[in-house]
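Two complexes come next, and they have one chain in common, subunit A, joined by subunit B in the first and subunit C in the second.
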Partner chain A sequence: MSTIAPTSRPEDRTDTLATLRAIDVDLHHDIASWQDIAPYAPQGLRHRLTRPGGPPLARHGFKIIGPRFGEAPRPTDANGRAGHPAVDPAWVKAEYLDRRGVDIAILTGPILSLGVQPNHDMAAAIATGVNNWTLETWIRPFHCFKGSILVAHQDPAQAAAEIDRLGDDPGMVQVLMGSASETPLGRRQFHPIYAACVRHDLPLALHIGGEGAGMSPPATAVGHPTTHFEWYGSLPQVYMAHIMSMVTEGVFEKFSTLKVVLYEGGIFWLPHIMWRFDKNWKAQRSETPWVNERPSAYIRRHFYHTTYPLELSSQEELAAVLEMIEGEQTLLFSSNYPNWELGDPFAMIEGLPAALRRRVLVENARAVYGERLLR
Partner chain B sequence: MAKHVVARREEIPPGGRKIVRVAGREVGVFNLDGAFYALKNVCPHQGARVCLGRIVGTALPAAVYEYTYGREGEILRCPWHEWEYDIVTGESLFDPNIKITSYPIEIVGDDIVVTIGE
Partner chain C sequence: MTLVIEREATFVDRVAALRLVDTDIHNDLPSIEALRPFLAKKWHLWLDSGGPGSATRYYANMGSGRMDDAVNEDDGLAAGDPEWVVQQLMTKYRIDIGVLTGSTIGLGIQHDYHIQAAIASAYNEWTLATWVRPYECFKGSIVCLGSDPAASAAEVRRLGQNPGMVQVLMASAARIPYGNTCYWPIYRAAVEHDLPVAIHVGSEGTGIANPPTAVGYPSTYLEFHTDHSQTMMAHCVSLIADGVFEELPTLKFAFIEGGTVWAPYVMGRLDRLYPALKAEVPYLKMRPSEYLLRNCYFSTQPIEEPDDHQQLLQMLRMMHAEKTVVFASDYPHWDFDNPLMAFNFFPADLKRRIFVENAVELYGPRLLESNRGA
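What follows is the complex of A and B.
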């Protein structure tokens, strides 16, 4: 297995909180060829990555209808053909980050169904390969990019080992798991992953995408959706289930410093589950005597949310919801680059009051990720 | 302030209760191992006759995935929504600010005497 020694940052790094313009917590860098990943993966399983067509990965079964990248910029080759907008770090930096005033982007990669692959060892090997490749080809050469330690959570022991392997690398700022899961994420089998996150003081990112694929249960609680339209619209219920599970199973009593960032889930559904959860807890708390506070208190304290796609509404409606969830402290700017089918990510936050916009673009991310962002 | 004889001691054995009507309201009188407590028969949640609820124990505060059942006979659960109350204090187990009104109680001879009023 290749290991990568951390290298120091360029000497001219002068960013401070005051000079930062925007932190994008969700840039989906992509793989041009699995041949590129193979050298960074454990030797014994490289041949599974390099087979024609790449490794046998169960992704979700839905292809997006319409222009795949929406309004995201696209490179063109000498013949004018559009290329992939997220496979070349230098191009992404120049054409997205620099043009849009983004100083730091957290890479979230192209594989969000790793945790529901039946072959645990292959999934873990892919995670290791992608992590090493990301560090070597995106993060080491370009200090504007920060990494997420991708893990395959169906095997918590290997996932925790991967976090321990890379947890103190200055290029990594969080742990990333697909929210698609065989079973709710509060269950105790996953606690070694959370212990590893806390050990390295790393937030845990959950990202939708693999729901319904591989070993995942259906993407909705009543069965498989028929279309991508139905599938994507249904996904916040997955986060509802995971939040309920993590709070009731005592994850935040055991790991009181754990922060969880929910990607691409929106926020308007949160007041509903917080109220319902609190209401039921008053009568049913004795089932889980370790849940010592109102469930909404854990949700407010431990969960963070991202702006792509932020429910577009009047400023008054948005302010009311943000007040209910204390979202002014917990909302992070995410571009979901290059998947802009739902519109331009900056347009989504245009209507925010200036002070809140600043929080969302910079200050909240600094609070979640701390000094790691500037290392 | 007025003292009211609400029952004779032998009417309410340990573990027992009696609902009495006194000074225009219903009061539940409970005997916990020989100590008596008086609670107004009104749940602070939605007004149910809370003193008719089950007298039980509860899951004690515990580490994650540990279960200790205790305080058997000290917890009153409202018959409407199962909120749990400490019979000794009247306080709900989830928030001490939400509590059933309780009244001072004393034993005078063989009489149970409850004090009600300003």
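What follows is the complex of A and C.
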């Protein structure tokens, strides 16, 4: 397996917390051609990446009907046609980051279903190829981009090895897994992944997207949804199930410094699950004697949430929910660039009071990702 | 004309006199043998074998699952005797009308829907004979199987005019979300007879049901029970997104024992998505939250318990609880909410809506009809 030695940058960073204007924790950079990824993947599986259409990947078939990129900027190709808005790092920097005042963007890529692909080795090879390619083509040449170590969690040993391989690279700021999963993520088989996260002081990011694909159970607790609208509307339930599992199985007793960032899940369901969980724990806690604190205490301390897409609500309702979940500390700005079909990501946080907006745009991300962001 | 006004006034007076309506009382079936008089002869061989095999779940409560003081030491049953329930629940907690949800909600997740549909019919007759006809304070649920919509629709039509039956009841555990058109025959029958449809948690992950979460099986009862509300949310999203409430605008749908204050998430997320994604669901005519507020009801138990009571009220306001929430005790189960204690911090008008008026709107005038003709 190829490894990439961290290289130093041409010049040191000059920005500080005070000068930062915005940190975007969710930029979906995309793959123009799998031919580009293949050289960065383990040699034995490169031929599977270069087959026509890319590597075999199970898909769920839910699809946005309508304009996918909303008002996101679009490049124009030589023939005057609109191109993909997230395949060229220099263009993305100039047309999105610089224009919108974003200083740092964390790359989350286009592959969010690796953890439910049936072939563990294939999934791990894709993760390695994408990670190396991201580092070489997006992160090393640009200060403004930071990476996520993509892992395929159905093989925890390989996932942990990938984290160890790249965990101290200054360009990587978190570990990224699709939230779609055969089993809830609190289960002990996944703990080596969390141990590796903690070993390298990396937050764990979970991102929806593979639900219902491959080895995933149906995308809801009562079977397959009918439409993308229903599928996407239901996806926060996956985070609820993972939260229940990780708290109940004692993940945060074992890994007390682990932080988990939940992408694209919204926040309005959190009061319900915190209060329901606490109430049940009072009566049933003898079943899980290792869960020493009220579940809501772990949820408040260990989980972080992102802004795209926040539930549609009044400003008063949003303020009330943020107070209930201590969102002042736990909410992070995410643009979901270039997938702006639901609207402009900055408009979604316009209603926040200025001090809180500053926390969401900059300070909370700094607290989650630490010094690595500015390295 | 005078007569009409008099009758309406009487109805209003009777509603005004109500103190509390309980939408979730689990009366217990003493044994499957009790159904023999109500079961066609061709099925009696099943009873001779002790009844059909039953898929049961692994997840077990740390206690018995019932309140200790709800168990009658003479027969070991909790809520097995209507007189017991009248004294221990209705009188003690000042409940005027109780809707029976029984102990057979999960029939629809058993494999053999032929025998289970027969059992559901017999069970409904048993409920009428032993609980509803002898007692004006109890109302029954028409227990149905999501797994056999044709048989369920027929059962709804068979009992749909019975004044003792106030709703259709199915398990929230399912293989296919409840918005799917395969279930619409049940809903059409319910609408024809002015009956709401209720779903109730508990059988998740058992028998033919989907795993209890969208990421598989939890490990513990604590996790399993807390996860239950996700099945409710999934059904709620499905019912709205598949257009059930557009097709059947008068259908009322009640979510029992799945919590309440997740509804603002469903409303807020679907309303966020709808303007951008409506090309995919062109049959919808209103914002998703409008369907939820018009057609859905949520029962209180187990009511969420934040440290700061005001936060619960804030969430309830977001979902217009004054129109959408009804009281449930879940008697005799372990997480019973005491109506004399749990709602004392609620504003009086909201409490009145939840305790009485919303239930009257959910079930309609039948809730107050006599059971004599049941």
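In this section, the second predicted complex is superposed on the first by the 372 of 375 C-alpha atoms of A that agree within 3 Å, B and C clash if a C-alpha of one lies under 4 Å from a C-alpha of the other, contacts with A are read in each partner's own complex, and residues count from 1 in each chain.
Quick note on the criterion: contacts are C-beta pairs under 8 Å (C-beta built on N, C-alpha and C of every residue); 3 or more make two chains touch, one makes a residue touch a chain.
All values derive from a computational prediction rather than experimental measurement.
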| item | value |
| --- | --- |
| More subunit A residues in contact - subunit B or subunit C | C |
| Subunit B versus subunit C as contact partner of A:Ile273, first or second or both or neither | second |
| Partner chain in contact with A:Glu211 - subunit B first, subunit C second, else both or neither | second |
| Partner chain in contact with A:Glu249 - subunit B first, subunit C second, else both or neither | both |
| Touching partner for A:Ala283 - first (subunit B), second (subunit C), both, neither | both |
| Which superposed partner A:Gly44 touches (first subunit B, second subunit C, both, neither) | neither |
| Touching partner for A:Pro353 - first (subunit B), second (subunit C), both, neither | neither |
| Subunit B versus subunit C as contact partner of A:Asn292, first or second or both or neither | first |
| Footprint overlap on subunit A, comparing subunit B with subunit C | 249, 281, 283-287 |
| Contact footprint of subunit C on subunit A as seen in their complex | 64-66, 70, 179-187, 211, 216-230, 232-234, 236-238, 240-242, 244-245, 248-249, 266, 268-269, 271-281, 283-288, 295, 309-313, 317, 320-321, 323-324, 341-343 |
| Contact set on subunit C toward subunit A in their complex | 61-63, 172-180, 204, 209-223, 225-227, 229-231, 233-235, 237-238, 241-242, 259-262, 264-274, 276-281, 288, 302, 304-306, 311-312, 314-315, 318, 334-335 |
| Touch list for subunit A against partner subunit B, complex | 188, 249-250, 253-254, 281-287, 289-290, 292, 294 |
| Complex contacts: residues of subunit B adjacent to subunit A | 58-68, 81-84, 92-95 |
